[in-house]
Structures are given as C-alpha cells and as structure tokens.
Amino acid sequence: MSEWLENHLPKVVLAPSFIAVLIFVYGFIGWTAWVSLTRSKLLPKYEIKGFVQYERLFDSPRWDTAINNLYIFGALFIVIAMVLGLALAILLDQKIRVEGFIRTIYLYPMALSMIVTGTAWKWILNPGLGIESTVRGWGFENFTFDWLVNPDFAIYTIVMAAVWQSSGFVMALFLAGLRSVDGEIIKAAQVDGIPTWRIYTAIIIPSMAPIFLSAFIVLAHLAIKSFDLVIALTGGGPGYATDLPATYMYAMAFSRGDIGQAAASAMIMMLVVFAIVVPYLYSELRAKND
Amino acid sequence: EPQAEVLHWWTSGGEAKSVAVLQEEFAANGGTWTDMPVAGGGGDAAMTALRARVLAGNAPTAVQLKGPAIQEWYEEGVLADISNVAEAEGWDKVLPASIAAHMKCEGTWCAAPVNVHRVDWIWANADVLAANGIEMPTTWDEFNAAAEKLQAAGVIPLAHGGQAWQDATVFETVVLGLGGPEFYNKALVELDPEALTSDTMVKVFDQMRTLRGFVDENFSGRDWNLATAMVMNGEAAFQIMGDWAKGEFLAAGKEPGKDFLCASTPGDGYLYNVDSFAMFDVEGDDKRAGQELLAKLIVAPKFQEVFNLNKGSIPARTDVSLDKFDMCAKISAEDMATSSENGSLLPSYAHGMALRGAQAGAITDVVTAHFNSDMSSQEAVQQLADAVANSY
Amino acid sequence: MAPILDIKNLYKNYGATEILKDINISIEPGDFLVLVGPSGCGKSTLLNCIAGLEPISGGTLSIGGKDMTHVSPKDRDIAMVFQSYALYPTMSVAKNITFGMKVRGVDQATQDAKLKEVASLLQIEPLLNRRPSQLSGGQRQRVAMGRALVRDPKLFLFDEPLSNLDAKLRVEMRTEIKKLHQTLDASIVYVTHDQIEAMTLATKIVVLKGGVVQQIGTPAEIYNRPANLFVADFMGSPAMNLIPARVQRNGTSTQVAIARAGGDPIVLTDTRDLHLPEEVILGLRPEDIAEAGFRAGAGVQEAACLVDMVEPAGADTYVVSELGGKQVTARLHAETSAQAGQMLNLAFDMSKVSYFAKDTGERLN
Amino acid sequence: MAPILDIKNLYKNYGATEILKDINISIEPGDFLVLVGPSGCGKSTLLNCIAGLEPISGGTLSIGGKDMTHVSPKDRDIAMVFQSYALYPTMSVAKNITFGMKVRGVDQATQDAKLKEVASLLQIEPLLNRRPSQLSGGQRQRVAMGRALVRDPKLFLFDEPLSNLDAKLRVEMRTEIKKLHQTLDASIVYVTHDQIEAMTLATKIVVLKGGVVQQIGTPAEIYNRPANLFVADFMGSPAMNLIPARVQRNGTSTQVAIARAGGDPIVLTDTRDLHLPEEVILGLRPEDIAEAGFRAGAGVQEAACLVDMVEPAGADTYVVSELGGKQVTARLHAETSAQAGQMLNLAFDMSKVSYFAKDTGERLN
Amino acid sequence: MTDLSMPRTRAQGTAGKTALRWLLYVLLGLFALYYLMPLFVMVTTSLKSLEEIRTGSLIALPRDVTLEAWKTAWSSACTGIQCEGLRPYFWNSVLIAVPAVILSTLLGALNGYVVAQWRFRGANIIFSLMLFGCFIPFQVVLLPMARLLGLMGLAGTIPGLIFVHVIYGLGFTTLFFRNYYVTIPAELTKAARVDGAGFLRIFWSIFLPLSLPIVVVTVIWQFTQIWNDFLFGVSFSQAGTQPVTVALNNIVNSTTGVKEYNVDMAAAIIAGLPTLLVYVVAGKYFIRGLTAGSVKG
C-alpha cells in the first residue's frame, strides 16, 4: 500500500485539483452548454428548446459589436501589455537603484478596484475634464483627445486603461522569469560578443518561453473577462460601442434575466478562447516534450 | 422574535439614513434587522447576489425588488404571500391602483411599495433661464426653441450623461410627450409592434436626434450627477432626470423654485418608478414574523413620510400629509393624483417598471445606439421592432 | 611588440575574501599561457577578470595595449570556453556554435563552412541538431569548445576545456589546439589540471596558489626548477619526492644524508657546486629514481631501500619506500620484480636534485 | 554470494535512438567496477539506469538480488555522484552534504561527525557555509563527492567524480576512494576518463563503445590483452601502436614484417607459438618500444627507425616514427638524445605484442 | 549573480554609459508618470471637499486639503444602514484572502511541480485542461456554484468563499509554477531522489526554496484577485461575511443618492492598501539566480 502510494504520489497530489477542475470547470461548462439550449430566463430551466438562443445571439447587432470589440481589444491589449511588460521588466533588470519603489508604482494599478479607478480614467480621458482640456489650458488650443466620447475610438481608451492596469503584473511575471535565467549563460553570450539587446532577444527571451505562456494566458484571460473595466470606464458606451462579450453576457444574465442567452454567449466566448489558446498551448507543450 | 435579513441597494448617505428609519422602527417593534446592502448598477449587483442566494437555498427574508421583476420571481415560486398584512392594513384603499397592481401576483399581495419616484422631470437653472428670458417649456417645440436660443447664447441647453439608462430616461419622456399616454402604453408597456414602427415613433427618434444636438460633445459616460452639477453651475440650462436629481441640488444648498426649477417634461402623463420590497419564502417563524412586521411598517404612514423626505421621492400611499415636503414633491404628488384618475399614471420603462429585463434592455440598446451614432430615425424604428421581437 | 595581455597588480575580492592578490602577468602575441593551481586557487576567477565578467578590485588589465577597465566583455575581442560550459539551452548545437558569427554578420556560407570544420574536428557532426540537454557531458564540453573555436579573437580563454573527454579524444583535441595555436598564431590562456596538457601545450606556465602567483616559466623551468616546495610538489604526477636531508659540503661537491627506514642513512653525493644550509628539503622526481641498472648517467648513485608498496600502473610500476621519514616514490619499468617488504637497489639521479629551504620552502639551487 | 548488481540484456532508448544495447554486467560485493568508453558512449546513461533515474527499455536490473524494475531510486540504497554535480542551489555546502542523512533520519550527532570527516577528507572545511554558486568548479565537484561519501549504501555510483580536480588532489582523492572501497568493502561503479584512475582503482573494467560492451576484465587483462582493436586503441595513453604487418610462420615462432619509411621492412621474430592469418594488425604499446640498450628481456629485438618527431613530456620523451604506414610512438626516457630526422635504434618487446584480425578487429592471440 | 549592465568598477562608467543610464532612468520615470496619473486624480480628489469637486476642475490640485473624506471612508461612510465605513469589512476580507492565497499557492506549487518535474503519461493533458479552466467566465459558474455551495452547506460562509477562490485560482497558480519549474534542471530532482528524498521532501526542501520569485508573482496575483474580487464576494456572502469590495461598491455605487467622489476615491485607496503592502513586502524576494551553481552545463 505504502509503496503504491509512494509511486503514485505525484498523481495523488494532482488528483484533487484535477477532480475539482473537472467538476467546477468542465461540469459547469457542460451545465452552461445545457442551459444555452433552453429558454431560461430569471433562473435556469432545464427543458431543451434547441438552438434558439444562438439564433437570437447571432441576430443581435450588439453581440456583433461585442465580438468585434473583443478582437480589437484582445489583440491590442495582449500585444501591448506583453511588449510593455517585457520592456519594463528588462529596464528594471538593469540594476536600478530604486527598483522596489518603481516596481510598486508599476504594479499598484492592479491593487485598486476598477470600480473607482474607472472613474478617475473617465475624468482623465474626458475631453471636457481631463487631458484635452488641460493641454488646451496650456495654450495648445487645437489639441484634441476625444477618444472616450468617439464611438469609433472609445474601445482604444479601454485598451489604454486595461494596459495600465495589467502591464505591471506582466512585468512582474517577466521579471521573475528574467531572474531565473542562469547567469553563466549570459556571461558566455557576452564573451561571444553578443550585444545586450541580442542577448535578450536570442538567449534570455527564448529560454523564458514558458513564462510567455503564463503571461499570455493571464492576458488572454483578462481580455476575455474584462468586465468591470468596461462597466466603470464607459459602461459599454457610447451607445454600446465598447461592449465586450463579458459585459454582454453579464447584462444578459443579471440585468436582463435572460440566462439562456447569457449561456449561449458564454459558450461562444469559450469557443473563441479555445480556438486561440489551444494551438498555442499545443505548440508550447510539444516543444517542451521532445 | 421577528427577524429580517434585508437585501437592498440603498447605500449612499441619504438613502442609508432613510432605511435606517425603517430599521429603527423594526427594532422598536422587537425585531432584529440584518442588513445586506448590495449597491451597483441600479440593483443589478443585488439581483446577482439574490439569484445566487436563492439557488443556494439561502434566500434573504426581504429584498428590494420592483416592477415586473416581482412577478418574474413569483413565477419562479420563491415569493411569500403577504396578503394577510395587506388586507389587514387596507393597502388597496391607500395605494393608487396602478401602483397596487405592481404589488400583486396573480391576485395575491407579494410586495410592499416604499415610494414613488417621478422620472419625467425637467430641471433647470433659474438664473440661466431668467438671463435668457426663457420660461419652463411645456411642449417639445418650446423646448427646442428655448434650447436653440440658449445655444446661441453659449449655454449648453441640455445637460446629459451618455449612459444607456440616461438615454433611455430621456427617450421615454419624449415618447410620453410626443405620443401621449396612450401611445406610451401601447409602445413601451404593451410593446405593440404597430406602435413601435409608427410615424410617431419616427418623430420621437427625430426629437432624440434634435436633443442630441443640444448636448455638449463630452457627454459620453458622464455620471448623471455631474450633469446635474452642470445645471447648478449654470454651465447648462436643463436636465431631464428623475427626482433623485433634487437630492444633489439640495445637498449643494440650492433652493427649489429659487435657484433651480422643476417641471414635468412636456406633455401629459406621469412616469413612475416605484421602489418596493418583496418577501421571499423562508423557513422559520421568526423570519415569517419579520416579514409581516416589515411589510406593515413599510407601508405605514410614518415610514412613508420620513423615508421620502430623505429620498426626494413621494410616498406611495396617497393619504400621507405633504406638509413637510418641498415644492417639487408637492407638484409630483398632485400630478400623480390627477394622472391616476385619468389613466396617465404610467410605469417607467427605463427604470424597470414597465417591462421585463430582456425587453427593456433590447429597447435601450436601440435607443442608445441611435443616440450615439448617426443612425436615421427610420432605421432606428426598424431596429427597435426587430430587437423587441428578438428579445423573447 | 606590445603584450597582448598585460595584468598589473591585479586584485580581486568577493566581499571581504581576497581571491586574487597582486597578480602580474603579461603575454606576448602567440603565447600559450597555461594556468595551473589547486582547485579553488582562483584560476577561473582570473579568466573571468580577463574576460570582463567580474569587476576587478584593484590593479589594471589591458588587452592589446588598451586598458580594459571600462570595456565590456563583448568588446574585448576574446573567446572563452567556460568550465561550466554555459551552453545556450534553447538553441541547437549548430546554433550554439554559429550564433556568435551570425550576430557579427558573418555570411551564411562562411558560417556553414566554419561549423562544418569545427564539428568534424570535435567529432560532433551527428549532434548538430540536438539541444544541449540531450548531450552527454563530454559532448557538451565539445560544443562549448566549438563555440570558441569558430571565432578568431585576439585572445582565447579556455577553462579546463578537455576535462570531461576520454583520453583518446583529449589527446586529439590537444593536438588540434596546438595546431590552432601554431597556425593562427593565436594567443591563449588555458586552465587545466592535466599536467601533460600543461607541459605539452604551454609556452609559459603560471602556477597559482591561493590567489598568489608562485612561479611563471616555461614548462621545462617549472618542471625541472620549481621555484618553491609548493610548485615542486604540485607539478608532476606522481609528485616530486620531497625528502628532508642533511647536507655537508665536501670540497666542491655536497654530501647528502637521508634517513632510511630499517638502516643507516643513505649518503649520496651531489657533484654540483652548491652552497646550502645544513638542513634542506631535497626534491627528486619519481622518474629520477630507477631500479639499479636501469638508469645510467653522471650523477646516478645507487642505494638499497626497503620497498613498502608496489603499485603497477600499466606502463610503469611505482615503488614506495620510506626515506627521510617520507613515502618516496620511484618509477620503475613495468616488469620489475620488486616486491613489498624486500630491499631493492634504487638508482638516484643526483644531477636532477632540487633543494629547498626548510623554513621558507624557496628553491636554493 | 549473490551479485550485488546484476544487469541482464539491458536496453535503453531515447525516443528512437538506442543508447545502450544488450548490456550484461554483474558485480560481486566489494567489486570496484570502472566504466570507460569514449565520450557519449552511454556511461552516464547506464549509471542513471542503475540508479533508477531513467526507465530502462528492456532487460532486467537487480541490486542485491532484488529486481529493481519498480523500485524507486531512494529505495535502491545507492549513492551517486553526478557528472553535472547537481548540487542543491539554495542549500549551503554543509546542508548539501547532510541532506541525505537528514532525510534518512540519521541523528544530528552522527550527521555532524560524518560531515566533519568528509569535509576534512575533501578539504572543504572552510567552505561549509557557502552556497554552491560561490564555489569553484573543483570545489563543487568535491561537494558532490561529499554528498555520496557520507552515505553508507549498498552501491556507490561515481560519474567522473574527479575530473575537475588538480592532479595532486586527484591522487589524494583516488587514494581515499580506494581506502573507502577497502575499508567499507563497498561496491562501486565508477566512470572515469582517467586511465590511471581506471587502472589503479578497478577490480574490473568495462569498456563501452556506442552502447555496446567491448570487453570486461581486470585492468591487467584490459591493458595487456585488449579484446579488440577498439579497446587496444582506447586504453593507454599514448595509445597502443597498431601497425599493419605481414606474418609468416617459421617453425614454432613467427616472423613479423613491418613496412618502414625510408628502408626495407623490419622483420621481427615472435617466439610464441601462434597461429595467425597472413595479414594482421600488430599492437605494441609505446612503453614496449624503448631506445636500444634501455630494455632487456627475452623477446626484445632491435631495429633502426627514422625519427619523425620528438616530444618531451617531463618524465618521458616520446618519439614518433612511421612504421607500416602508421605513426608509431615509442616512449623513451627523458634524457634521450634522439632527434627528428635521424635514424634511431629502437628496441621492440615482441613478447608483449597483441595481434588483431584485419577485418573484424578481434584479438587473435 | 550576473547583471547585464557592466560590472561597476571603482569609477563608474564613461560619458556614453552615464548618458545611457540617465536615459534609462528618464524612461522609467516617464512610465512611472503614466502609471501614477490616475492615482494623482484619485488622491487629489480624495483630499477635496465635495463642494470643491462640484465646482472646480476634477483633475486640479485641491485648494483646501482636507482629510475628511479619508476619515469618512474608513469609519463613517454608509454601506447600507451601518455607517461605519470600510473598517468592519476588512477583517472579512483578510479571513477570506489569507487562507485562500496560501492554499491556492501551495496547491498550485505542488501541481506545477508534478506537471513539470514528475511527468507521467497524460500530465500535459491534465495541465492543459486545468489551464483552460482559467478561461471559464465567472458569471457562468455563479449559479451552479451557488447551488453546490448550498448543497455543501457552505452558502454564505467564509469557508465557502475560500473554497471558491481556491478552486478558481488553481488554474493560474498551477500555470505559474509549472512554467517556472520546467526551467529548473531535472538533475536536481535526480540527485535528491538518490539522496533518499521522496516526492514531498524534494518539493519542500529543494523546490520551494528555489521558487521565491514565482511565489511572489503568484501571491501578488492571487492576493490581488481575491482581495479585489467582487462577483464571488457579493454572490456567495451574506450579511456579516461580506468582503471589503462589497463595502467599497456600496459606498461608491449609489444610483439615486448623492455621489461623494472624495469618499469614493479615499475608500478605493484604503481598500487597495493591503494589496499594496503585499506588493512591497513580497517584492523583496525578486531575487536573481537562485539556481546558479546548481548544475554544470
């Protein structure tokens, strides 16, 4: 018995988490799939009615906007936050005197609830209150920065605030990764005559590939689930120009008592995630295995 | 000993004090009040919590609920019947019929009303109007003319916050003003497709487009109270908003009639937003007793008076003395009485009184999309009909 | 010509510990400097300082006549093989080797040619597509070598580059390095623990101990005329026999008396003209003590000694005998019939003897 | 007694590559088995398999008579020194060494005593509080040794444990390992590239090539009677001379003709009674070719050869001459007057000659 | 310990290098400004009186600095009937966040360790499945989870909230640790196994001490997520177990009452302080080169 335990301990240790995930993630996904086939309103019902919720979903112009926004927002947010996070991590890795202080400054946005920082951003980005009026106040009368109130550009202000909030954490993630790279290898590269930037791009960063996976998953998750950010900053507006699937789903599930519709949108969201994450994951884990 | 865990979303200073009155009375009658406040999103967050708790089999005793949502929850079979209290207290006699109707589920009483907010208010800065020689408008044409005048004078005619619910608030007053009570009822309560696609509706959207022109460029995402502040500052002249805006004026030390003016929006009718409490099915005699006591106290004149003085709204029951209330509240109460008689006392769709969430939301989507883009009125009308059809 | 590497009064500390003390070394272009010394004496640290990977705590260091204090490693024009290999873990073997060239903008054809050449030299052609983690220890070491060998720098730094190779391969590599040195006229600083490597490769050997230079000289100088007891003991395997002896001058020659286990002291005569204190440490290498009859020469003298131990080692047999209170090793031919416990006539080549002061350990002759 | 380690038909693949092929080895208690072979031949892999760190792909492996297939490394009662050290980076040297004992619940006093003992043996006492990153290469290697030496297992596995130590220390360590082996009567599997280590330590040597066992035998057997050309060439440094020759039987003795550069073939006589094919490869170690007059014995025969190269190496001087189309090395004493380009009389000890088949490379005599 | 900057010798740097270093600091400073901008707005607003906010520019410096709002937010702002500010809710949040962070981090570390260093058949698939779990929108789990919590008898309790946070934190913590541990040489595990250490011992003695930087990252992440969580906090709590975010939300989000921005901002900053504290304290352990010197090659 004890020998069996000995040999199977790794699996035993993993098992509870795995079972929990099976139930609380995949079980619930199954549940959601089921509900998405019903006409659940205020509370879930379990009588299957076919794909009517999906039809409603694809008929909804608001959902179209939400999905398009997700692509724009997701792509920009992930790329910018990743690049910025990495850049900041590298800069911070140069033996900075006040590293701890600066690191905290970059990280703190994560600490504050978006319920309120959203208001601050709203003011800063509002042309009448924030940057635009301040800069005009300095005498630059033609300065315009009205993305927040422009339906075509409002989504980019969401990107700005989202990057502001999350890039610090990505930086921390990369910093931890940078610090785990073996110093001897860097020395070898220096002697090999490799310029510092090439050392980062060709040696350190490739050896951090797993950390990139972490950062990507974190950012993708934030992109998919960005919710209070939008609610606080634009409330989905102007109009529903900055709606995202997550806000759509929340609105359906909780403001409108249309759980079936929410479930359908959740299923589509997860399909989108699946389509993006699985190939990446596959290549990442494969590379590790050979 | 009566027990009550009360889920509500009245958390800001004035509101909280109002509820505290209820709690004190509840305690004075020997009850124990457990407070479970969840603010946010006009009760969305509270509803989220409610749903989770109902599913967990851990429903709160009393919940702030309103409009058709009460009936929806009733249909889920989770509401308690408080008819015995209502009958003992004679609610039927003191509540306007249309408001009483909201409190009943299939003939039994299932909720207790707290107050009546009037939604179709127009607020104005007295000095600005005076300076430009403008009277409070009584028709939308007057409003438009006044607005143009103001615009020419460099004043923002209409202070507005570009949030979907604010757009919807303006929209419903325009529907009421241009279409009249009957049209409002057909279009926004009964969701009659003919009404939704009618020429009147096209005109409504035209007027929305006109109003859009009276709003400054930076309205997007603005909180309603910042818009109110614009009126206070004289930066803007008018705001269309429910009577909670009065609270902001009063908090800033402004006097009604002198510093700021209140009037119903152009047209007949009265759009109400009634807050109420519903009782959930719970186990235990102490909780049941709590529910009954709570229901009784809520509708009792004392609480109705004190609460509404604090909140800016008016009592739901018609037999409360209005002596202590301000001018605007008195107007509101008078209008409610007349409207109740001539059938123009109507539920506000924008505040969840008229429609179920899905339908109201579908309409709001179109309204806000139209207001924030250059969509034509025809197109908007078409989309409105489609969205409503798609929302069931 | 200016020295290619010039180290003056170099100090290096890690925190409070002094690792290198007052190092002075200079290398002419084309020199092959071998650094030897006990484990932990600071050899790798010195290489690191030369490469600019560790800041120096004092003194100056110049390469090609240019002061290097503020020059970063990548601008020093050196190639280095690390003791710990330090291969790029995410790159294939081929990429590990060519990466430096690629960065320097060497064209593809040259890269390929160089890679091919080096890979065949190091016998790693079949491994070119592997990752370092899929290599054996010796293979990794060869890749590390390859990375340096494709370069054409002012100065090569090799830190025990052959330690994990089998004897055969090591000999081949040694030859290749020697060739490299001769054909490219490259300047090389080389750390090794292999005495044969040191002897056959070096034009100059530096013996380091505890961060202090003990002796700098040609291999022959170091081997034949160690500057002190430490060097004498350290170089050569098995080590030089260091035997306490009493000396007495006798005309121009010297009488050396060595205590012998189980008998009177052996007295041997050194015919060289030496001035020595009375008590000395006498140094004589095992190969200078042979079985009587197997060694001829002017200074050779015989004496019977008690054999304590016989240790056959392939080509030779070592015989240990206690002399002057020390275990003295003699290298005999493989076929000796010597047996432990017996007396054996040994031939001492007195012309090879080194004398050291008993107190300071410094060389006396 | 049952063999302490018994390997039968062991195979090991990494993916599609076969690394070890049909290995059969068995060790009696107290055996000191040395594994040698070219870099990358599978030595470390074999140790990993024995330790249970890599699953085997075929065959069986038992330790102390018990099949080990499903036994985890920690229950195999082995201690191992890794070629790559594998020190615990966050632990001090002392903790690195005592960790194994602590895990096994050895009491503190014993731990301390053992630590002290091992630290002094390895000369790392001053380093006990350092982290591995603050050590030199050789110091790290000694800590890795220490981790194994504090244990008292059934079987020790050493993977090139002395490769980064200086010659002196290496000799000392070698002696200590030998002592350990003798006093504890421990069984040891030892990988080394150092021929002297292999020769002096082993009771049994296994020569591996490309994952295939070439020969198993005592050091003397391996050295004197290599089973095939590979072993002959691989063992011994400098390597055995392998010279193509034509043989002709002449009564009970054999005439061996070897082509000579710049002259007629040398003809030497082997007096042993051998039956050989006409064309053979003749193997003779450098130390069995001496300068004429310096080697006596029954089979010794002299011949004049043209010296191509003279290579002094401290204790000896190597002389290279082309014979049978091969560079043949002879080991001469250090004082030889041989000069490149001159003819030199060399003495060949024909009693030591090995003969190998030209085609298969297998030993013939 | 390597850094990519030049080793600093006695006299640091030439002119070019000094300039570069200045550029570096300027760059870092500019980014700091970007990050600080909203905080500036929040802090200044929190120091203004309501009157000033109503009449002045929202992003100007305060004319009269007053700490009134901070006091109110901490101890007298209304979050419903009670007007005791954030104070009473802090403890709930601590009771939820601390155990949940510790548990999820520990479990994640163990899981990551298994997946990275004890690969068995299917480990990667299990890992992928766990990872994909990160993406499940919390809104969809709310209702079924509520039902299950009710069945388990954990509805509305702090253990229930801890449970939920641990479950939905596992994906991330496992991800972080796994991706850190795959870069640690497998030889270490091997050596420890030969040394007689078992699975848990190796984890505890060898891997955990190596994990400081990633523990920091994970703790930062988990603590932030859990401390700032609103959705679960509001749905799975009841009166008496509500976390501080619900209180903050109640202070900030009044639909029809007077909005006190200064109190809102002060409350938000106060609510964020514990998280900030974690950043500062944990940040010390961003240490370089823990694996240095462990293995050769």
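Every chain is named by a letter (A, B, C, D and E) in the order it is written, and numbering of its residues begins at 1.
By our rule, contacts are C-beta pairs under 8 Å (C-beta built on N, C-alpha and C of every residue); 3 or more make two chains touch, one makes a residue touch a chain.
Note that the structure is a prediction, hence the values are computed from the model and not measured.
Top-ranked chain pair, ordered by C-beta pairs in contact, is A-E. Subunit A and subunit B have Cα centroids separated by 36 Å.
For the pair subunit A and subunit E, the distance between mean C-alpha positions equals 15 Å.
Between subunit B and subunit E, the centres computed from C-alpha atoms are 39 Å apart.
Mean C-alpha position of subunit A lies 58 Å from that of subunit D.
For subunit B, the set of residues that touch two or more other chains comprises 40-41, 45, 48, 51, 55.
Shared interface positions of subunit E, defined as residues touching 2 or more other chains, are 1-2, 8, 142-143, 145, 198, 230, 249, 252-253, 289-292, 296-297. For subunit A, residues touching at least two other chains, in rising order: 6, 43, 115, 129, 182, 184, 187, 196, 207, 253-254. Contacts between chains, counted with the stated touch criterion, involve the pairs A-B, A-C, A-D, A-E, B-E, C-D, C-E, D-E.
Residues 1, 185, 187-188, 190-198, 201, 205-206, 209-210, 289-297 of subunit E are the ones that touch subunit D when the two sit in their complex.
If you check the complex, the residues on subunit A that touch subunit E are 6, 9-11, 13-14, 16-18, 20-22, 24-29, 31-32, 43-44, 88, 91-96, 99-100, 102-113, 115-117, 119-121, 123-124, 129-130, 133-134, 164, 168-169, 172-173, 175-177, 179-180, 182-184, 186-187, 196, 199-200, 207-208, 210-211, 213-214, 217-218, 220-221, 224-225, 228, 246, 249-250, 253-254, 259, 262-263, 266, 269-270, 273-274, 277-278, 281, 285, 288-289. Subunit A contributes residues 6-7, 290 to its touches with subunit D in the complex.
Within the complex formed with subunit C, the residues of subunit D that make contact are 14, 36-40, 43-45, 83-84, 134-139, 141-142, 159-160, 163-171, 193-196, 199-200, 219-220, 223, 233-234, 236-239, 285-287, 294-295, 297, 311-316, 331, 333-335. By the touch rule above, subunit C contacts subunit A in their complex via residues 48, 51-53, 72-80, 82, 84, 86-91, 99-100, 103-104, 147, 151, 157.
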